[in-house]
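The structure appears right after this line, and notes come after that.
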Amino acid sequence: MKQFLSINDVPDPSGLVQEALALKADPFAFSHLGKHKTLGLVFLNPSLRTRMSTQRAAQNLGMDVMVLNMDKDGWQLEFEDGAIMNGSSQEHIKEAAAVISQYCDVIGIRTFPSLQNREEDYIEKILGSFVKYATVPVLSLESATLHPLQSLADWLTIEEHKKREVPKVVLSWAPHPRALPQAVPNSFVQWLKAAPVELVITHPEGYELSNEFTVGVPVEYDQNKALVGADFVYAKNWSSYNDYGKILSTDSSWMITEKKMALTNQGAFMHCLPVRRNVIVADQVLDGPNSLVIQQAENRTYAAQAVLKRLLEK
Amino acid sequence: MKQFLSINDVPDPSGLVQEALALKADPFAFSHLGKHKTLGLVFLNPSLRTRMSTQRAAQNLGMDVMVLNMDKDGWQLEFEDGAIMNGSSQEHIKEAAAVISQYCDVIGIRTFPSLQNREEDYIEKILGSFVKYATVPVLSLESATLHPLQSLADWLTIEEHKKREVPKVVLSWAPHPRALPQAVPNSFVQWLKAAPVELVITHPEGYELSNEFTVGVPVEYDQNKALVGADFVYAKNWSSYNDYGKILSTDSSWMITEKKMALTNQGAFMHCLPVRRNVIVADQVLDGPNSLVIQQAENRTYAAQAVLKRLLEK
Amino acid sequence: MKQFLSINDVPDPSGLVQEALALKADPFAFSHLGKHKTLGLVFLNPSLRTRMSTQRAAQNLGMDVMVLNMDKDGWQLEFEDGAIMNGSSQEHIKEAAAVISQYCDVIGIRTFPSLQNREEDYIEKILGSFVKYATVPVLSLESATLHPLQSLADWLTIEEHKKREVPKVVLSWAPHPRALPQAVPNSFVQWLKAAPVELVITHPEGYELSNEFTVGVPVEYDQNKALVGADFVYAKNWSSYNDYGKILSTDSSWMITEKKMALTNQGAFMHCLPVRRNVIVADQVLDGPNSLVIQQAENRTYAAQAVLKRLLEK
């Protein structure tokens, strides 16, 4: 693997899941692989889980880690070709990406969508520029439209907890007070389509995800119908793709409650965290025995470790 | 030891002091103990000495360290049970503490008091929630009401520099322009009561510390009287406990000067730092040969190292 | 070497250049030299290249690294002797430098000029206070008036790319929208005067650097004349030294363009980065085959590594 920006960089997603499970069973088996190798983590946006899990993953492989909080350091980057830089931007992405590549063997980068300009967000303008000018492998720590490390960890969690060969997995929209990216649901659909599961999406009308990801996946607008027989309920808020970046609904009847979970096949509850309690999901569900959110967070480490291992082995 | 929140977690405070002194004599004797172990340092408030000394202590033991500045990253936590999180809080302490526990073998956390709500501060609401939901040992890097790593380092310093079996130690209030926590004096009293010293507290009326800590320790309202014959003078400002969080006095006659020190038994001057020069203490005292403030700072490393060693050995 | 604040701390600058080149050829040859040693990086101002390259250099030598962002943490230092600290300063440099020295074996520090008070800037008041009170070797990560790690990396880059024994090197002022320090040009002149090169400085009138550095180096006010026959063109903006800290010109005819470079001896283009594209230098030059800016950035690692090696060996 020469980069990790989406599932498209992974020739064998199932194989990668198995590799992550093997690393979970023996986290220090490859602790010499990363010797004298440095992972640079570049954050253009805040992060807790991704920051810590990726750092731990790198350390398990014996890598050194350097963290660069470009958002906090007020380092403003220029992304336009030909720009006359006499304004507030201090450095062009061309130099920034090439320079960081001098100090790191692998670079992880987190970017966010504008939620204003759909075209720029969906061509992954910022991540794409970074990849274009970096000279070492780049690892997405979440981009404008995808969050592949999260999806890999989610698949891992489903693999560990499934009770039948082909479980039913329901991705359900849930309300949230702020406009959020579509990265997690896009990426979840992209990965889980490749997994041995029956995938169903449910959301209010107007919240259709980009067809690029959902083609072939059934959408059920009636959440209750969608939940029937589900083995896994993956809740997540996202803002509208069609009416780009907008909040079309805050309908609390979409919150995942015990009553909703009673429709499922004793289904497990999943969420990528951070989660708004009693907005996305009721306390009873999140604190109940079928909640897998902490296991998902734990699996972030082994997802990142499997990916880093492959990038180091390339 | 399964946690370190106060002296109450330490069955043998004197033994821990001896262990710290042994580590100071041979800092890398246990440099394999922390192999493949990660210390997470979570700061809800800024820190210089604690941040660096604890990091150094962990590295001396061979641990990896991850630092999370939650205060700077604008990650707002919810602490109320049952909260409907549709406001500014992004994540509940239940998830945050459990998730961070997935990536760390030991977690150090720094919190601060509100100085508004005494009850919440003194039940250690924030630290307590963190400990409740964390699944790995927690180490206090200073909490709302206590600073046990500082007190252990202070005891260490007194042990190294005492000239008689049972030295007289005077904890003296001193003026300061801002309202400060009672954590350092509370904790100092709690630890030094267990040490082979004669402990006396002196402060203006109204500055009584919580009886929970001071019971059995003489309080002398006349600073000059208190200082007579002192072997160690530990200066510190704190805000009022009774009139909670208030500044009742900025009386500069309480500043520690050479004249004050002349009353002592050629006493040593101590302060946890940072210190306001010529407000808390006069330059002549701080720069004089009997000032131990830098030695106290140095001992922070070995205090933290002894505690981490025990947490790793548990 | 017991410190590294300027070329004056280096008995054999050419030897240090050769040592850096040797480390570049075999970066991990001394990976045990830094075992159990900690480098503290203290930033009073933001940094990308210096932060990452110095960290990488330390890790190549096997050192642990601790980073302290004093600018971000709002830790306000007092530098005046005898100050009554009842204002906003929380800690005196006397304690801060002595305390940080307890936790580190070498300290790197970045400070910036005020660009208001020339005398204070040019006596290096802040760095000087830090060095005075630190008890371990101090490494400048750029100070008010000098940037020696950058200059060493620049010399290294010229050494690697020169096509004749004594190349002509032109330091050229270029326009910029903000008032910048004189640290890079001062330091470049100070180092390159000691190198086997023909050094020429060109800038508009009023931009004369301090005579302390430029004595003996020809200044040519006609940029075109200066560039004739140049093997290396080092562009950099700085604010006025005489009319201290002021922007006297933003004349875009000083921008380095292909037309300007055509005057040179197929000269290479150099800049310390970050660089304002199409303000300091035209895209065509920066993106052209003779641009060495990324190589300069790469060489920052080996410059820092050579210096750290000497500080550890002292």
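Chains here go by letter, A, B and C, matching the order in which they are written, and residues are numbered from 1 within each.
The criterion applied here is as follows: contacts are C-beta pairs under 8 Å (C-beta built on N, C-alpha and C of every residue); 3 or more make two chains touch, one makes a residue touch a chain.
Everything numeric in this text was worked out from a predicted model, so none of it was measured.
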Given over half shared residue numbers means same and under half means different, the chain A/chain B interface is different
Field rot_deg for pair chain B/chain C, CA superposition, rounded to the nearest 5 degrees, holds 120
Taking each chain's mean CA coordinate, chain A and chain B are separated, in whole Å, by 39
For chain B, residue numbers touching 2 or more other chains are 72
Given the complex, residues on chain B that touch chain C span 27-28, 31, 46, 48-49, 51-53, 55-56, 59-60, 72, 177, 273-279, 283, 286-287, 293-294, 297-298, 300-301
Chain A partner, complex, touching residues on chain B are 36, 38, 40, 64, 66, 68, 70, 72-75, 78, 81-87, 90-92, 94-96, 98-100, 102-104
